[in-house]
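Heads up, there are several structures right after this.
Presented sequentially are two complexes of chain A, the first with chain B as partner and the second with chain C.
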Partner chain A sequence: MNADDENRIKQLLKQTLPPVERNAEPERDLWPAVLRRLDADTAQRHTVPWFDWALLGGLAVFVISFPATIPVFLYYL
Partner chain B sequence: MNNHPYLRAYLAGVLIPTLVFPVLITLLFVAMLVAPESIPVERIAIFPLAFAPACWGLWNVLWVALRKFSNVPLGLHGAILPFLLMPMATVLAKCLGVITLGAHSVTWFQAIEIPYALIACGFTFALVMYYLVWKYIIGFVNRVLGIA
Partner chain C sequence: MADGSSSVPGSLLHRFRDGDLDAFEALFREHQRPVYGWILRMVRNTAAAEDLTVETFWRIHRAHDRFQPEYPFGPWARRIATRAALDWLRAQRPEVELTAEMAGALPSESRGNPSIAAEIRSKTALAFARLPSSLRAAAVLAVVEEQPHKEVAAALGITVGAVKLRVFRALRLLRKDLVRQGITP
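Up next, the complex of A and B:
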């Protein structure tokens, strides 16, 4: 690649890519959208379905009813 | 955090058995002090110390590896593990003399006698326990380690 080719590429790049303005800012504030997304993600992760609570309750009732099974459960964990 | 995902999956998988083992061993030592007969703690410890963590870790590695091909939920994947782990643990426990198979019941650790009907029921709840532990605890650790 000679100097002419490099200059040609520079010209093409300058034509294609618009110059970045100094202190350019987005048209709107993006931070609230980021916060909304983080909140939605957190809420989704911490939502436990009702049937999982039911399963946990059933497991607790079983273990309380038969406490001798606790070491056996721990053995298999 | 995209480096070594299988190593991180293994470490996430071994967390629960590693945390549970000290609780189990403490209970066994307490039982050893109060039980009239000696409890073979060193033989009981072989499965939870040597096999269970490796199985959990490898099972989580398998989930990460299979995620490229299928979309099995982590809880369901974890609930399948007892079907492999429990027969293996029972055979090992039988060979090591940790359990004694009777006509109507099984005796664990030469101290805890559980009827077969209760074992069948307990296996169902073991599946529930595995489902919940894998879905919520292993899932959380996977997220923390950047796997999920």
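Up next, the complex of A and C:
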């Protein structure tokens, strides 16, 4: 591809995709959406994952089935 | 992008780094427009640009403790915005983005040359959308938006030479695609 080809492609691209205006701004205030996103993130962090609940349930079933292991668990806590 | 940088402890940037929500809001108010404009230039879709601006500031807030207040906020925000926009571009299918209609619907400085046949514009837009996202980003910022190569390089986290190479590869692939579609530029 020579320099002329390159310039022609550049012109074609510019005419196909006109530049965005310099002062483009969002049509709405985005701060409330950012706050909602932060709140959702915080709530998600405070949610216990299902795997942790399953692990706890399994441990409870094990301890109930084998009560003699309770002192061993307590020792390692 | 104004940076509002200060190395004085207790300044806006220090308070943001320490997790102060008011400082974060002040930085958001100062930088939302340039961040939105930068993203819009990359993705060329106003709804997606708004969503990605929210995503960018969420990522910025999440990374606040890694921010170094001795450096300006603007370029850091722009790098995060660029990564968010590139993630979005990678996730899009070429058939549903960057059509000629979408290009025409953007708030642009000029509507383009009407003498160019709609078919050629449509095929060019489709060929452009088929480029790898990294090449597209470099080409749209450097060629269409005429941003300085240095700024494009900083935003993409690459060297100026790499920007020039990506632009060249993008133009070459674009030309090949157009020739395949029966258009000789």
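Operating definition for what follows: the second predicted complex is superposed on the first by the 48 of 77 C-alpha atoms of A that agree within 3 Å, B and C clash if a C-alpha of one lies under 4 Å from a C-alpha of the other, contacts with A are read in each partner's own complex, and residues count from 1 in each chain.
Going forward, contacts are C-beta pairs under 8 Å (C-beta built on N, C-alpha and C of every residue); 3 or more make two chains touch, one makes a residue touch a chain.
Everything numeric in this text was worked out from a predicted model, so none of it was measured.
In the superposed pair of complexes, A:2 makes contact with neither chain B nor chain C. In the overlay built on the shared chain, the residue A:14 is in contact with chain C alone; chain B does not reach it.
By the document's definition of touching, of the two partners only chain B reaches A:71; chain C does not. When both complexes are overlaid on chain A, the residue A:26 reaches chain C alone and has no touch with chain B.
Once the two complexes are overlaid on the shared chain, A:37 sits against chain C while remaining clear of chain B. Looking at the superposed arrangement, the partner reaching more residues of chain A, out of chain B and chain C, is C. Of the two partner chains, neither chain B nor chain C is touched by A:47. Chain A has no residue lying at the interface with chain B in one structure and with chain C in the other.
Contacts from chain C toward chain A in the complex involve residues 25, 28-29, 32-33, 36-37, 40-41, 44, 46, 49-50, 53-55, 57-58, 61-62, 98, 100, 103-104, 106-113, 116, 120-121, 124-125, 128, 139-140, 143-146, 168, 171-172, 174-175, 178, 185. Those residues of chain A that touch chain B in the complex are listed here as 45, 48, 52, 55-56, 58-59, 62-63, 66, 68-77.
The residues of chain B lying in touch with chain A in their complex are 16-17, 20, 23-24, 27-28, 31, 44, 47-48, 52, 82, 85-86, 89, 93, 108-109, 112-114, 118, 121-122, 125-126, 128-129, 131-133, 135-136, 143. Every residue of chain A that touches chain C in the complex is listed here, in rising order: 1, 5-6, 8-10, 12-28, 30-31, 33-34, 37-38, 41.
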